[in-house]
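Two complexes, one shared chain (chain A), two partners (chain B, chain C).
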Partner chain A sequence: MRIVILPKENLAEFIGHLRSFGELHAPTKRGEKSLVFAPVSDLSEIELNYTRTILPLKKYFFKATDVMFNFCAEKGYELPVEEADKKYVIFGVHPCEIHGLKILDLVFGGKYVDTYYFARRSKVAIIGLDCIPDDLCFCRSTGTDFVDTGFDLFLSDIGDSYLVRVGTSLGDDMVRAADSLFRQVKKEDREAYKRNSVQRRDSFQAEIQLQDLPGIMDLEYESHVWEEVGEKCLSCGICSMVCPTCYCYSVFDELSLDGNTGQRKRIWDSCLFKDYALVAGGHNFRAQRSSRVKNRYFHKQRGFVSQYGRPSCVGCGRCKAYCPAGIDIVEVISKLRSEIRV
Partner chain B sequence: MGKPKVGVYGLTGCAGDQLVILNCEEELLDIAGALDIKSFPMAMSGGDENCPLDIVFVDGTVVQPKDEEMLKNLRERAKLLIAIGTCAVWGGVAAMSNETPREELKNKVYGPAGQVFDTVVPQPLSSFVKVDLAISGCPIEKEQLLQAVASLLHGDLPRLPNYSVCTECKMSEYPCLLVEKGQLCLGPITVAGCKARCPSYGRPCIGCRGPVEEANVSSEVRLLREKGFTWVDIQNRLRTFAAPADCFEDKILKEGANA
Partner chain C sequence: MSNHCSGVRPENPYLPHPARIIRTLPQIPDHQLFQIRFEKEQMAESFTYRPGQFVMLSVIGTGEAPFSISSSPTRPGNIELCVRRIGHVTDALFRLRPNALVGVRGPYGNGFPIEKLEGNNLLLVAGGLGMAPLRSLLWYALDNRSKFNNVTLMYGAKNPDDMLFKYELLNLIDRADVKCLLTVDTDESGIWKAHVGVVTTLFGHAEIDPSNTYAAICGPEIMFKFVLNELLKRNFPKDRILMSLERNMQCGVGKCGHCMVGYKYTCLDGPIFTYWDAINLPEMI
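Coming up: the complex of A and B.
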């Protein structure tokens, strides 16, 4: 992997260069405390030292609501016209976020490829940026605190410069286009990088133990922990909306008044919703709120492991950060574990 | 099926939901083209007040004895009765103080003028007749109304969201007023459909669309208490738009308050 150094004083200019590779999006302020990925025009609008945005990057590829096709009684159906070959550059993407995308790539890739997702995915360049964990981040436990792939460029803060890893040929083009802004890596840079990595690793406060977790989940299927969490949970669906790896959606038709045309759409869904496991005839497989909360945890930490060999949680801490009832995934899992420790 | 015969009526209320129909300016011709509107007293005179109807839209709440009579008559006339607006679906603001005796309330609000008319304890339409479809909102959302009409034209009921305002709030990525600012937001227990209009303007949801199915009111009350809101503040906010709803029964509220 090619590695170069970008002195911090050159960042603003480099960001300017990036804009020639597509519409630039980056973490920026919304309201007093929140952050979102949104279009930005220069470095002054970008929050470099952010921890998490409200929504993860899935919003760009797997939209909250999406038109799948238009239909007409006579003409059959036609695909919606996507905006022509518009490119995007998303700057400031943290490792857990990149892992989240890699998990969605797996899920939407599979046997039945989700063309809506990949059509957009291929138009977006990802510029990663490292971060300092806060008290809710546990990506170190989920093995998603570091990335080797899944980015075009990845910037790590080494003091007065960024160490830039080049991940793809597109990333290489980006560096070449702004060649004079970069310099070669020196020994001090490598040392600073290692020092910072260790420091970052040591700054994690939250932790979950993933070892044996699928087995423990099975053993604790009837645990009273689920009842407790179910009593607090509001079924508000926030945790699913903000989760980088919650990918459920519901499909429906929206009809026009002419009685002849309409659109097939999809919208984000959540297993926390009452209607999620409702089937024809009125039976609901998960009528109880506690069984729905349990399902969310099971799918992340148990079902996904059976199917893909790893949990789908990337430890971003969003579900705790935005849960109105303060339900904390780290606490729930450690309670479940302590159940069997006796 | 030919054009369905339709009536639009209002019981006691502000008629805001009927107004939403009239405010569908761009779609009004399509609506008029698709439906055979037999009577819409607020918008036209000379309607047919006796013919059988395929669909009747009713807004407002049963507050006067004549409302009940009118509602039952409409039910008999129509194959499908659709409650529009939070008043029709949940009782609305008229039902906010149902635990206070009527005479006392009437006296407070109207003084001596209150002697000349009769009122009953305000109740949603479903307390009196079968309601085939409930579209809540104060007022209703135009898009939901248009989707309902389009679905009914296909002989189907529309798909209305059965999740909370929070879901739509997060889909639009608005900062959370409850979590970030500790404001008294009812988004977690209020049914979606407005695209989280109030949070989009930085204001908390006051629950104007009524509760979502299976609203976890006791958890909401508990978390608001933890944020330091008084029991009176919480109760007043909860009982503004849908006091007759089962989930706002005194017993359930107290459970949350004492927890």
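Coming up: the complex of A and C.
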């Protein structure tokens, strides 16, 4: 992999260059404490030392509500007019987010390809940035604290510069377009990168044990832990909305006032919502809150492993950070493993 | 991410293809058989499927829902869906008249494992609307009669007026190449000529060899449990008992998450599962 060095004093100028590759989006402040990915015009608007945004990057590719088709009584369903071929550059993407996208790639790809998702994916360049974990991050446990693919460029802070890994030919173009801002990697850079790597590793506070977890999940299928968590859960679905890998949606037809035309849309859904597994006739396969909470964990840590060969949690800590009932995934899993007495 | 740029634009898997209702055949109260044909003649002729697969049917302006294909791929051209009126989409569907435009995509799901079934006896046990997917398998087997051993159908309805495909099935009773056992729970009219009693009573009228038979059961949960009991009593292998599952389905192609049971998608890995699968998947029955 091509690796170069970007001195920090050149970052602002490089960001300026990036704008010629597409509309620039980056983590930026929304209110006192909240951060979101949104359009930015220069470095001053970008939060470089952030931990997590409210919504993950999925919002760009798999929209909270999305028009799938236009329909009319005479012609049936037709694809909406394509969005103009606009390009985007998303700057400041953490490793767990990139893993989140790689998981969504698995889900939306396969035998049936979700064309909405991949059409947007191909228009967006990803500039990664590494980060220092807070007390909620456990991406080290989920193996998502590092990425070697899934980005065009990836920046790691090594003190007074960034070490920049070039992931794609587009990333290479970005570096070449601003060639004079970069320099070669020196021995001190390599040493600094490795020092930071140790420091980052040591700063993780939260941990879960994923190894053999699918087996434990099967074993503890009837565990009282699910009831306990079900008691607390409000079925608000926030954990699904903020999760980088939750992808459930529902579909509905919206008729215009003329009664003849309209749009088929899809909207983010959550398996925590009461009517999620309801079928016509009124039977609900998961009427109990405990069974819905269990399903969420079971799917991520057990079901996904058998379907796609890896768990679908990237350890970003959002579900705990935003859960109004304070449900903590790390604690739930430790309880299941009986590593915490209850 | 640029590595997802690809030259070929894949087909949108959610796009319903225009199709027309050719004929609507009322069956029993609130149940109709819809004959449907794709608008594009080439598609109408080439569309093929396995018994047990389903399509997503769109009623324009109302929405989309999954329905088992009730016709057999041995009779290409039109597809037939046997639909129970139960809600939003099906209400709107029942208001449509012949020649109305609808949207259809599919076929989806695994369908019955035909290759495995061939060369064996088939025992089809249906209750109520469970006849819809089994009818496809029944006609598939009858149209490929030499590929199967004995074919037995057991079908139960509440009363004679509640039996789907009644005349079609009554006509099979006299056929020598299929054992068609029809029963009703009660017959107030007194003119019903076939059996009376719940479907499990039919087991007394058929000889079933568990060593070379596949059983396919479709129907209400309660019936399923009783039939299962009968089969297990006869030491029927658990992986030769097939069933079709119904779940909430929003996409039909493994994306929306709704149809998940345990760790399988009903729409991709199912809707046909074996009883062995069921034992091993939490939440299945």
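Please note the rule applied: the second predicted complex is superposed on the first by the 338 of 342 C-alpha atoms of A that agree within 3 Å, B and C clash if a C-alpha of one lies under 4 Å from a C-alpha of the other, contacts with A are read in each partner's own complex, and residues count from 1 in each chain.
The working rule: contacts are C-beta pairs under 8 Å (C-beta built on N, C-alpha and C of every residue); 3 or more make two chains touch, one makes a residue touch a chain.
None of these values were measured; they are calculated from a predicted model.
Undergrad: For A:R292, is the partner it touches chain B (first), chain C (second), both, or none of the two (neither)?
TA: So A:R292 meets neither chain B nor chain C here.
Undergrad: Is A:M68 touching anything from chain B or chain C once the two structures are fitted on A? First, second, both or neither.
TA: second
Undergrad: Should A:S306 be classified as contacting the first partner (chain B), the second (chain C), both, or neither?
TA: It touches chain C, and chain B stays clear.
Undergrad: Of the two partner chains, chain B (first) and chain C (second), which one does A:L255 touch, if any: first, second, both, or neither?
TA: both
Undergrad: Is A:R165 touching anything from chain B or chain C once the two structures are fitted on A? First, second, both or neither.
TA: Neither: A:R165 stays clear of chain B and chain C.
Undergrad: Looking at A:I54 after the superposition, I want to know if it touches chain B, chain C, both of them or none. Which is it: first, second, both, neither?
TA: first
Undergrad: Which partner reaches more residues of chain A, chain B or chain C?
TA: Higher number of touched chain A residues: C.
Undergrad: Output check: A:K320 vs chain B and chain C. Expected answer is one of first, second, both, neither. What do you get?
TA: Neither partner.
Undergrad: With the two structures laid over each other on chain A, which partner does A:S235 touch: chain B (first), chain C (second), both, or neither?
TA: After superposition on chain A, A:S235 lies in contact with chain B alone.
Undergrad: Looking at the overlay, what does A:L101 touch: chain B (first), chain C (second), both, or neither?
TA: After superposition on chain A, A:L101 lies in contact with chain C alone.
Undergrad: Same chain A residues contacting chain B and chain C, which ones?
TA: The overlap between the chain B and chain C interfaces on chain A comprises residues 252, 255, 259, 262.
Undergrad: Inside the complex, what are the residues of chain A that reach chain B?
TA: Touch list, chain A to chain B: 30-34, 36, 54-55, 59, 64-65, 231-238, 241-242, 252, 254-259, 262, 268, 270, 273-275, 289, 321-326.
Undergrad: Please give the residue numbers of chain A that touch chain C in the complex, ascending.
TA: Touching chain C from chain A are residues 68-69, 71-77, 79, 101, 105, 107-108, 110-115, 118, 121-122, 124-126, 149-152, 168-170, 221, 247-253, 255, 259-260, 262, 264, 266, 269, 271, 276-281, 285-286, 291, 295, 298-299, 302-304, 306-307.
Undergrad: With touch defined as at the start, can you tell me which chain B residues reach chain A in the complex?
TA: Against chain A, the touching part of chain B is residues 27, 30-31, 33-34, 146-147, 149-151, 153-154, 159, 162-164, 166-167, 170-176, 178-181, 187-189, 202, 212-216, 219-220, 222-223.
Undergrad: Per the contact definition, I'd like the list of chain C residues that touch chain A in the complex.
TA: Where chain C meets chain A, its residues are 1-6, 9-16, 18, 58, 60-65, 86-87, 90, 101-103, 246-248, 250-251, 253-258, 260-265, 268, 282-283.
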